[in-house]
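First comes the structure, then the notes that go with it.
First chain written, first letter: the chains are A, B, C and D, and each begins at residue 1.
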């Protein structure tokens, strides 16, 4: 695992640029004979896509092709390549040498010495997450068939909080599963529709202010067997965090009660073990379903901090790194005032990828059959 | 990279159990000819060790041996094995089937089916971090010689806050380097000694209450070249977070302003680029020195949430997982009421490991010479 | 590195099936700013392609597209995806349940339980090597610019031997470089044209006999710096052999004098070191330029045994693995009576891939600039 | 997988030098609850050890310690460290700057710039294989319990040939299993004791001539399920060859009929599939039990070319690489005139390592239970 390839038993490789021929993903090590549901993949890509009032008007249509690894509607077991050609792109909006604040233009220049494709952020564009979402479009239904449900809501955005996810206390995850299923269908991922509307209004206000906002995404994974993950370096937390920090704009990841745990005392933070109907569960889930890096059978929960979109319409201070000169500038073109609500489908996809890998490592190559 | 091995160009493998023959580390891929300073390794191991009023009285002496890879006081370039034999251990304090809340006993049982060494947490014990700290004892001075300084303070503990690290605004990291150097020498890692004393008092109070506390560690890495790390899966954030979540008790990791960024607007979160003495820097460092997963030349900063020590003297509810029966129990033996201040040296070591790997990947095998 | 991904600093991922939408390769970790010469890639793909009298008349045209990672004719440094769509394919020639002897039909069935794409060998088809050759089409010129030349000849085929490669004794590799350059241009890769003609005649005779032949490929890599490779598991021999055994039909790999060395005495097998013009060289090169897994500066030489093409027109005994019944059958369709001469360009490409990876590991990410 | 770590689901890391504190191995990912039979490990280490008339008189006693990962005589499932301290070593026999022909002294110098431990070959010493053999001492019995038998004989040495291994034609591997079991017990690994005596005589003659000999080892693995291995880069052939080329002195690896296949026609090389007692087998086994990189259920067979021991007592030509001067010299000290017969136990161990990894990848973490 390294660079643009992630995973052990299941290896995900991504490629593409914002304004190149396309973006895509290679999924290697998948259980053979798994359904590939084109409708569901389209649905997921649609949720990722900028659309509606609060997103850029840039038209991204996401037709995709299974170049390999899919035969008669099922995975073959060999490497799957999903390709998503790029459509409408406006390269004239970008200059190669002005570092957009909060973007990778300058760090990319330091790494690639000017050879990088600078158009629209090139390989650093959020557009590349379409490949991850397409991969998730195969993995998420496969996990669901094994009783594993993944879902993410926008817990907080622009000063507005959503209702909390049901904690699945004492092992009864029925209500939580319902919430996750619901979120999978919602275009704007809040449990409380009123909160969602207030968030949308606040996002639109930010846009009118030529500015942008961020948010906090909260995710739960229900139905994982206990005993997944490794002690030390391949803790499930480490693997999830590694993959989650790939998603553009994510600057923090916490499991269970996370940073709030650092303020608790041990007697509060420790989740008491209990027996419910011959099953060992915990009475609380401050540890987010993971002890010592390994699942304990409770829902795995985590939260991701998404920074505000760096592309804003306000004038900003920056430099031209070819001239090494300061420069004030304005980003033209169409940009999202918030990506947090769209990022949730990327978070789900990335979580599915890590969880599927952990299952295949533990139970072998046919684990998802 | 997987399981107990981490890294790409520099591979770190750890092994050991709390009450077995010993713990240790194999460091593979190190630049040849690098000084191995036994004094410094001892110093680091000493900082990790429980000692003084606020730690367990269990006596851990940490003599270590370079089994391989060190010749005439320098690294050979081939795999270095550092072995730390275990000394005084009291196995009678542990039972195999009672799940200590907040510990890995139950999740380990689910993974290893009873074959795990349960004594003192076995392979899940914080004792295994001694191997990481020993590895750091070689890496940290090597990085320092290349102008790279790493340091961590206890930013918050038991309701008490330390002074902030100097932000190195506009690229002048002199004051920050001084702070990091100072922290490396302090037994209790706060910038403000008064805050440190108040934290110690609060930790001792927790102990008197048969309870424990956690904390937040804040780290800075100064002197990294711009252009380190990879886009997407091997972002420096992803690699650091992956390794940091290995450390027992860490439940959250955030870079730069982290979760606080999710409450900002883009105009506040974006770090404006500026030119100071022909060097491109940022006026603020909300992004923690990383854009698009790649260093931009500013200090890399992150914060780790450390949960309160799960071993507390209070009676707790739990289960016997062999009998599948609920049981109230009390942990006997000696335990730390706080590990956050000791964990900081593990954080430094793990950060050194990731950063050294990134340098070796970018500049090749002799990068640390 | 695992499954369909190979390499450490340079990672190559392949995908595709014989009768699917296409085949391709993702190249990750390449030095940025390297020329991508479309003409040369076409030339290499042409040499791999079945053509002329002694190959199948199946028409494979190999138009390819750089989906990502190439910008303004140069590598960007981010992941390069080269896609080669499939053209004319005749799926009617294949049945899903009859195990062609010497092919992977049965072993694939045991692994993929019937989900595999069985048409034309699916993912096991030699067609997938087009992706490797396309990758080599970028790597080989980049290595050449660093003074590294790779070439392969058909040392033996159908009872006919080619002239030997010049041994580059005592470090003078001028003649050997000339031979390698020559081979790169020849459609049929022998040094002795007469031997080449006799091989072609023997291959055609095999075809008339409804049979096939194999051969031995001999490769030299000139210009590698001393000190490449690792002791033990990542010996250059181990890395090369790992990759070479991916090529369909290769059943043996030997370095230097190889199996013949097992018949020598030490006094003959040991290559005496000498000094020529202040450069340390060896007087002979029985060890194929590698001692202890690491290059010594002499040409790296190896030989690959290529088995005869398993697809022959003769009637063969086999089984139907769905019915578990014996069955005599005849392979219809067009098939090569020999693939050894075409495989040489795959060998060159795979060797380039391993060598480039070793250089990037040793000298860092910009090693090929 | 890279450098001194090998494997995917099962990761093996080796360390040590000939004249350092010791050598050892870390085995990570092993199924928990597997017996660790100290007697068997001793037996294997004994077979590796130089002893008797035809080996160096250097006394290597191999006491070993399970530092971690073994509890109450069984594997815990966490990383196992086996440490073999070095005993009697005579460092005075070595000089740092004279390149012994056929050894890694010069290539190591080019890689490590003089920092390498040069005493007795340091990290390049055959002594490091003791760690591999110790690992094999755990893996081989675990595989045997799953019906998988591995064995190697010295097929040819110093002009003398052993009897062939029974080909297991048509799937009846009873006779072959008997041969492999027998070889596991023999100190000198030939099927024909007379051939063994002639080999020993020829080896002793080489020693009297101040010279050395090599040999060819032939291995069979019986009882593997069909469907192990991957197409392309992780073909079982590629994985085995990668690991086998780590063993010092191995310069060629061929599977099944190997190089001899390159002289056959397809009609001879193709193994016809047949049905015997409802089991699909092949009538011949030219492909060595592997088609398309994946096992077909027949015995996996391969041969390794072992070069003659480079350390010989004859005067040799070489250079001093510090002075860059030619020099004639004689190796003093005690050295084996042949290592091929001892290497077979290393080959068995390495094969066990690759096969166990393939099983764990395919069937999951508990595959060896």
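Here, contacts are C-beta pairs under 8 Å (C-beta built on N, C-alpha and C of every residue); 3 or more make two chains touch, one makes a residue touch a chain.
Here the structure is a predicted model, which means the values were calculated and not measured.
Tell me the fewest steps from subunit B to subunit C, where a step is a jump to a chain it touches.
Contact-graph shortest path, subunit B to subunit C, evaluates to 1.
Mind listing the chains that sit against subunit A and also against subunit D?
Joint contacts, listed by label: B, C.
Could you let me know which interface, A-B or A-C, is made of more C-beta pairs in contact?
A-B
Calculate how many whole Å lie between the centre of subunit A and the centre of subunit C, each centre taken as the average of the chain's C-alpha atoms.
Centres of subunit A and subunit C (C-alpha means) sit 39 Å apart.
Could you tell me the distance, in whole angstrom, between the mean C-alpha positions of subunit A and subunit B?
Spacing between the chain centres: roughly 26 Å.
By the touch rule stated above, which residues of subunit C touch at least two different other chains?
In subunit C, residues 2-5, 8, 14, 78, 111, 123, 231, 365 touch at least two other chains, as defined above.
Please output the residues of subunit A touching subunit D within their complex, sorted ascending.
Subunit A reaches subunit D through residues 8-9, 78, 231, 360-365, 367.
In the complex formed with subunit A, which residues of subunit C make contact?
For subunit C paired with subunit A, touching residues are 2-5, 8, 11, 13-17, 20-24, 26, 28-29, 32-33, 65-69, 71, 74-81, 83, 111-117, 122-123, 365-366.
List the residues on subunit D that touch subunit C in their complex, please.
For this pair, the touching residues of subunit D are 1-6, 8, 12, 14, 99, 101-108, 110-111, 123-124, 128, 156, 159, 206, 209, 211-216, 225-235, 237-239, 241-246, 248, 250-259, 261-275, 278, 280, 282-283, 286-288, 290-297, 305-312, 314, 316-319, 321, 324-326, 340.
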